[in-house]
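Pasting the structures in now, so scroll down.
Shared between the two complexes below is chain A, which has chain B as its partner in the first and chain C in the second.
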Partner chain A sequence: MKSKHLALIVVGIAALVFPLVVPSDYYRHLVIIALMWVVIGSAWNLLAGYTGQVSFGHAIFFGVGAYTAGILVTKLQISAWYGMILGGVVAMAVALFVGWVCFRLRGPYFALATLAGGEIIRLVATNWESLTEGMVGILIIQSFRSKVPYYYIALATAAICIYVIHLIMKSKWGYYFVSIREDQDAAESLGISTTLYKNISLLVSAFFTGTAGAFYMNYMAFIDPHVVFSLHYISIMAILVGIVGGVATMMGPAVGAFIMVGVQETFRSALFGLVPKWVSQGHALVFGLIVIFVILFMANGVVGDWAKIKKHVFRMKA
Partner chain B sequence: MALLELKKLVKDFGGLRAVNDVSFHVEKGEIFGLIGPNGSGKTTIFNCINNFFPITAGDVLFKGASIKGLKTHQICHLGIGRTFQVVKPLARMTVLDNVTASAFCRVNTIKEAQTEAHRILDFCNLLKSKDRPAKSLPIAGRKRLEIARALATRPELLLLDETAAGLNPSELDEAINLIRKIRESGITILIVEHIMKVIMTISDRIHAINFGQTIAQGTPKEVANNRAVIEAYLGEEYAQG
Partner chain C sequence: MDRLLQTLVAGVLIGGIYSLIGIGMTLIMGVMGIINLAHGQLMMVAMYITFVLSSYLHLDPYFSLLVAMPALFLLGVLLQKLFLNPLMKIESILPENQVLMTVGIGMVLTEIARFIFSSDYKSVKTVYSSSVFFIGGISFNLPMCIAFFFALALTALLFWFLLKTDIGRSIRATAQDRDAATLMGVNTGKITVITFGLGSALVAAAGCLLIPIYYLFPDIGGPFTLKAFVITILGGLGSTVGAIFGGLVLGIAESLGAAYIGMGYREMVGFVIFVLVLIFLPGGLKRLTKI
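Entry: the complex of A and B
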């Protein structure tokens, strides 16, 4: 317990001083994106890892959050930063509808319904041009030229997100979420309204994902439907972050976010320019291989199977 | 007024009538046994009482008020707890967490819930296994955990579905003692059981069904000597002899 606290303090201090000791905007950018994925991955993990409702449609909430922030600027001429709260709230409103429809289904059918939901909303956003500008996308002016303010905003959002989920998991809600994951019928017979608590989990998850979306709008200053509602880059990536890091662990998605952003960047940049550009086209393939590897050899992810990993690495050294 | 009353309960699965016109009432404080051969509809009746299955016709009254159509979790909040014949432990949670989750039915803070869970685990003689994952318990432990979880919801009426099935003789005696202790604590019990040693020694009254229909009701002795019951269990020849 003590060493865990110590590790947390060390990581905390490192996170706080990072942009001060690393002047490179490139690395700052990567860490900012990773922190954003910490938020999305943790939010996904609350619903899928702890509550057992695997979502293939978290791009819905991410995109809605991003578009809320963008539309605040294009339609209402107010700062996109209000989207950090409003985006989450609008994502929750959308989540109410998603839950109303999709929670009639269980297990893989729920997952497929959320996948369909993500595709539907992407098409709506593409075609509802009067609101979203369609494929032209939304371009806003960035608030800061330096990466540093964005870094601290992303860091604060990630810290708040993990802390709130930590508190939830230590409460009645947390016990109820896990009970629902373990056995929905048993949970219901123990007085747990499974419909209500699945929706609560979805709403909290949607809020943080929406907030991350709004942050993306502010930070990247440009969005279009094919980016923020992307099945591949958002919904699937959220799942990968969760699985690689470790589902149903508090720090799993945080670790998974840094790993996956690292892998993605390595391939996008074609091993930082060391290999021909066409190799980078293979990143989807490598994502697939990573998932297979994780599922076969460490089904609980890097954090969930940390003891196992340590043992094997130790053996190799000895 | 009876604590629980079934009025002409009917349950159809498609063309199959699983429960046909069954009526009985359970008085406060008693242990009421429900028996019948395999597939006679005992568990279906449980599933109708707490609305896992919507009932086709008839009514279920709890403390005089109809609970027909209420959600399963609402029925639990009213004070009807149940266990499952095929145990449903929350497998990857610890024994303590299983019971703590149930205790949240009546309390709101984690401290109260855990205190309650400790008390109930002690009552059910499971305290020494509290930190084990539920899936690591042997079958006797899992059956106890089912009971502990149901007790944590503070029921007035407890539905026990074959809690003695699969237990060895010494575990059976423990189970009988536990059920008696639960009754002494003021909880009414409706029990489904195949093992005659259990049902005959602890029940105050027994209701026997076959093919979804009532065939007998009375004290354990009366039911054991009832022709229709012997016929259902052992066949016509034995009933005549």
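Entry: the complex of A and C
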């Protein structure tokens, strides 16, 4: 237990001083994006990993959060930073409807219903031009020139998100969630209102994902429906972050976020310019290959399969 | 009145092809219990095969049915053997691994197609591509009619196969109760492989039939995967008869939506139906007939 606390403190201090010792805006940017994915991945993990309701549509909540923040600026002329709370709240409102429709279905059907939900809302955002500006997207002016304030905001959001989920999983709710994942009928027969707790899990998950979306709007200052409601780059990425790191582990999504952002960036930049440019065109291909590889060989992720990975690495050394 | 009739005719004709796509998906759904999210992407592969055959070897798109269907059958068999069956043995917390795997396969297929053919729009022009005939003021697009009748014939063939042959019966048995089928001596592992191949071959046929009236680009798979999925939910999961009606309903609804609401909403109609079905008729059309 002691060494675990020590590790947390070391990671915490490293995270706090990171932007002060690393002057490169490029690496700061990568870590900010990774921290955003920590939030989304952890939120997805609460719903999918702990409660067993695998969502293929977290782009719904991410996009709604981002659009809430953007519309605050374009329609109400107030700061997009209010979106950090409001975006989460609106995402929760959408989640209530999504839950109402999708929790009629179990298991894989829930996953697919959320997938279709993501596509529906993308088409709505594309066609409802009076509210969302359609394909033109929303462009706002960034609040800060420097990356440092964004870094600390992202870090605080990620820390709060992980801490809240940690608290939830230690409470009674956490046990209800896991019991629903393990055996829904047994949970129901023990008097747990499975629909209620599935919805609670979904709402918490949606709130944090919406907050991450609002942060994205503030940080990137530009969104359009194809970016924030993207099936591959938001919904599937959220699943990958969870699975690569380790489903149903507290730190898994955090590890997964850094790995996935790192891998994606490595290929997008063609191994940082070391290999010919055409390699970067294949980054979507690599993304798909990672999906296949991870499912076949690391079903429980880096954190979940750590013992297995350690064994294999040691055998290679011996 | 003419406008309504014309819209209905167009809807039914495209609905026939949608049914073919939907049946492939619902077969896989029934036997394996998963939705194949690479379904549209498999169709895309078949369309590129047809495109290559017609632009380099000048083969008629309908003739390439004979090439694309076996090719996709093989591809489906390989995918099932190499990527999906091994997953059954892997212990993991989430049961959705197979669905996610099909997403990965779909992405890889799309990107490979983009690598080879680039993102440009391609089309296959035939002499009859834009030929039209009239029956009482209603115009019928010839390739769409041919496609519709091919779709009908293939569906009839499939039903004969499922109802009358040994393998067909084994497929239905596996879909009804996997364990019981295994106990009766059905090699369910082999049946899943055959079913995935069969589903792929059917969607390949749909691709060949679509190509004279459609255009082709690597991302075409995604929208069709979603359509197939809507049809499957609409028809009732795992029900082949439901998928036929689901396809027709989707085709008609889409063309009504495009004609009376606006082209931009064409894609949305399917999803609205999808949500309505989930809310008011969970279980799909299958539920109405109790078959």
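Everything below uses one rule, namely that the second predicted complex is superposed on the first by the 318 of 318 C-alpha atoms of A that agree within 3 Å, B and C clash if a C-alpha of one lies under 4 Å from a C-alpha of the other, contacts with A are read in each partner's own complex, and residues count from 1 in each chain.
Everything below uses one rule, namely that a contact is a pair of C-beta atoms (placed from the backbone, for glycine too) under 8 Å apart; a residue touches a chain by one contact, two chains touch by 3 or more.
Because the structure is predicted, anything quoted here is derived from the model rather than measured.
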| item | value |
| --- | --- |
| Which superposed partner A:Ser179 touches (first chain B, second chain C, both, neither) | first |
| Partner chain in contact with A:Val54 - chain B first, chain C second, else both or neither | second |
| Touched partner set for A:Ser171, first chain B, second chain C, both or neither | first |
| Partner chain(s) touched by A:Ser189 [first = chain B, second = chain C, both, neither] | first |
| More chain A residues in contact [chain B versus chain C] | C |
| Chain A partner contacts - residues on chain C that touch it in the complex | 33-35, 37, 83, 86-87, 90-97, 99-101, 103-108, 110-112, 114-115, 222, 226, 229-230, 233, 237, 264-265, 267-268, 271-272, 274-275, 278-279, 282 |
| Footprint of chain A on chain B - complex, ascending | 50, 52, 71-74, 76-77, 81-82, 84, 88-93, 97, 100-102, 104-105, 108, 110, 113, 149-150, 152-153 |
| Residues of chain A that touch chain C when the two form their complex | 48-49, 52, 54, 56, 101-102, 104-105, 107-109, 111-113, 115-116, 119-120, 123-124, 126-127, 181, 231-232, 236, 239, 243, 247-248, 281-282, 284-285, 287-292, 295-296, 299-300, 304 |
| Interface residues, chain A side, partner chain B - complex | 170-172, 175-176, 178-179, 182-183, 185-194 |
